[in-house]
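Below you'll find a set of structures to go through.
Two complexes are shown next, each including chain A; its partner changes from chain B in the first to chain C in the second.
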Partner chain A sequence: MKATLLAWGLPLVALLFLPLWITSPYALHIFILLFIAIATGESWNVIGGFAGQYSVGHAAFYGLGAYGAFILLQDRHVAPWFGVWVAVAIAAAVALAIGSITFRLRGPYFVLASIAVAEIIRLAALNWKDLTNGAEGILASDLPPLQLGNRLITDWNSKIPYYYMGLAMAVFSIGVNFAVKKTKLGYYLQAIREDQDAAHSLGIPLTVTKNIALVISAACTALAGSFAAFYIGFIEPQQVFGLDVSVQMVLVAIIGGIGTVSGPLIGGVVLVLLSES
Partner chain B sequence: MAVLIQSILSGVLIGGVYALIGIGLTLIFGVMRVINFAQGELVMVGMYVTFFLFKGFGMDPFLSVVLTMPALFLLGALLQRTLINKVLDALPQNQILLTIGIGLVLSNLAMMLFTSDYRILSTSYSSSSVALGSIRLSTPLLYCFLITAVITAALYWFLVKTDVGHAVRATAQDRDAAQLMGVNVRNMGVLAFGMGAALAGAAGALVAPTYYIYPQVGGAFTLKAFVVVVLGGMGSIVGATLGGVLIGTAESVSASYLGSGWKDLCVYAIFLLVLLLKPSGLLGKSRM
Partner chain C sequence: MGAFLKENLAHAHVLIYGVLVIVVILYMPEGFVGFAAARLRRKAAAK
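Up next, the complex of A and B:
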């Protein structure tokens, strides 16, 4: 236990103080990308890794998070740090609806259904021009500065606030994975992954358990999606709902090792370093 | 009324191509239980081969099918021998990962070699059409459908009438039993992947005169092939043919009545409905 705490705690402390030494925006950019990759990989891991349900349609939740928060900001002038949570709730609700429909399918059929759902949502975003501005996308203009009381915390003009938010998000998603793994839910999910029929005959409610995992996974993915969208400052349907977004998450988790908490972390490091160097 | 008939007929014509890609996918799945996520990228390779045969030698795109198919057969057989064969007994996610990887490598290679420019292959008859009363059918699509029909018929004949065809179908039915009967299942895998790739290549050659040609064009075809195959029933070749024609028709009719932006959405909605109501597909046996 002590060794585990040390192994996770030391790098975390190092990362907390990193921006004091590293000031190059490019290096910070790489770290922010890394945090996004880790957060999405860990989020996918909840349903894909622990439960063995290979969703290749997680871009749906990523994109819903991004579009939800962006549309709230542009049309209703809701500040992102409130809008994000609304978007996360929307993604969770959609996940529940999708899960109730698609979890009746198994194996390759579930994979294909998850792709189809993500494509339907992407095409809807592309064609529902009044709401989403279609293929032209949405540009986040003037983010309101973050204030606590009357004190200005940040006006979002440097990468450092994004760095800390990204770090917090990655740590949060790792924490969610730990929590899922150590609770009854995690054991249920792993039982379903190993043998669905045996798990069912032992009294594990299959659809309910999978749905809970999917909602958790979708909410975390949506959070990462809206963070990434605000960091980049621009979204369009292909960029956030595209199949390659889903594949990227799956790759991060599979390369690192699915069903483990540290897997997506390692996968994220490998993939981001490979694609950015 | 004429609009409806017109859209149904155009849909059937383009549906033939979807059927061709779908049959390739279903053949590979049937024999090896591998879902080939690189099927659309093989179509893309077929399109580029056709494009350069046309540009370099002035070869008619429909005539070039006779070269594109063997070329893609070799590429497919090579992929199977060197890569796919290694993961036949691996976990499904590893197989999916491998075929996605092959697709990524193919499309990125195409981008490196040919840049991501959109290319257009225009022949003398590209924009001409044939009139049947008040209905007009595009000439390239009509040729395309006729060649598709010939290739599909030849494939049926091969699978149903020849010994090798019997062996392929036996392997698809029961791999172990086929092996016990003396079928070389390894070679059947190579053959199936080769044929699947050749069909994708033929489809690529046939749509080259009507589509834009660019490295990322494959993704759309891969997804459409999945829809076609699941609609008809995984592993069923008749099902894939039917599925292709149905999807082509649904696409064309919804494009006429709802607008072309919504046609793919309708296709995926139909796909989801079939998955939920009859997951084994219209003609498939249940493998759930």
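Up next, the complex of A and C:
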């Protein structure tokens, strides 16, 4: 236990103080991309790693998070730190609806259904021009400064606030994975991954358990999607709903180690460094 | 050297990415973490 705390705590403390030494915007940009990759990989790991349900349509939730917060900011002038939670709730509700239908399928049929759902949502975003601006996308303008009372926390002009928000998001996703793994839900999911019929015969409610995992996974993915969208400052359907976004999440978990908490972290480091080299 | 790599192997990282994915899927089906854990377990058992 002590060794585990040290293994996770020391790098975290180092990352907290890193912007004091590293001031290069490019280096901070790499770290922010790394945090996004870790957060999405860890989010996917809840349903793909622990439950063994290989969803290749997670871009749907990533995009819903991005579009939800962006549309609320542009059309309703809702500040992102409130709009993000609405977007997360929308993604969770959509996940519940999708899960109730697609979890009737197993194995490769579930994979195909998850891809199909993500494509349906991408095409809807592409053609619903009044809401999403279609293929032209949405550019984030006038991001309001973050204030606590009258005190200005940040006006988003440097990468440092994004660095800390990304770090908090990655740590949150890792925490969610730890929490899921150590609770009854985690054991249920692992039982389902190993043998669905045996788990069912022992009284584990398959659809409910898988749906809970999908909602948790979708909510974390939407959070990462919202953050990534505000960091980049522009979204369009292919960029956030594309199949490559889903594949990237799956690869982060597969390369690092599927069904482990530290796997997506290692996978994220490898893939981000490789793609930015 | 840098110029040569930029001119001729500008997209080499995509190739490395693909090779890495194939190698991991074929030889490390449980990923880097699973592979390292199995190696450590084997080492401990040998002792």
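Keep this in mind: the second predicted complex is superposed on the first by the 277 of 277 C-alpha atoms of A that agree within 3 Å, B and C clash if a C-alpha of one lies under 4 Å from a C-alpha of the other, contacts with A are read in each partner's own complex, and residues count from 1 in each chain.
Note that in this section contacts are C-beta pairs under 8 Å (C-beta built on N, C-alpha and C of every residue); 3 or more make two chains touch, one makes a residue touch a chain.
Treat the numbers as computed from the prediction; the structure is a model and nothing was measured.
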- Query: Does the superposition put A:L251 against chain B (first), chain C (second), both, or neither?
  - Reply: both
- Give one of first, second, both or neither to describe whether A:M165 is in contact with chain B, with chain C, with both, or with none. neither
- Item | Partner with the higher number of touched chain A residues, chain C or chain B | B
- Query: So, A:L126: does it touch chain B (first), chain C (second), both, or neither?
  - Reply: first
- Message: Output check: A:L64 vs chain B and chain C. Expected answer is one of first, second, both, neither. What do you get?
- Response: neither
- Query: Of the two partner chains, chain B (first) and chain C (second), which one does A:A37 touch, if any: first, second, both, or neither?
  - Reply: neither
- Message: Let me test your reading of the model: by the given contact rule, A:C220 touches which partner, first (chain B), second (chain C), both or neither?
- Response: neither
- Message: Looking at A:A87 after the superposition, I want to know if it touches chain B, chain C, both of them or none. Which is it: first, second, both, neither?
- Response: neither
- Counting only touches as set out at the top, which of chain B and chain C does A:G263 meet: first, second, both, neither? second
- Message: A:I174 in the overlay: touching chain B, chain C, both, or neither? Say first, second, both or neither.
- Response: neither
- Enumerate the residues of chain A that count as touching chain B in its complex and touching chain C in the other. 251, 254, 258
- Note on the structure: Within their complex, chain C touches chain A through residues 13, 16-17, 20-21, 24-25, 30-35
- Residues of chain A touching chain C in their complex? 251, 253-260, 262-263, 266-267, 270-271, 274-275, 277
- Query: Which of the residues in chain A come into contact with chain B in the complex?
  - Reply: 54, 56, 101-102, 104-109, 111-113, 115-117, 119-120, 123-124, 126-127, 243, 247, 250-251, 254, 258
- Task: Within their complex, state which residues of chain B touch chain A.
- Result: 35, 92-94, 96-97, 100, 219, 223, 226-227, 230, 234, 259, 261-262, 264-265, 268-269, 271-272, 275-276, 279, 288
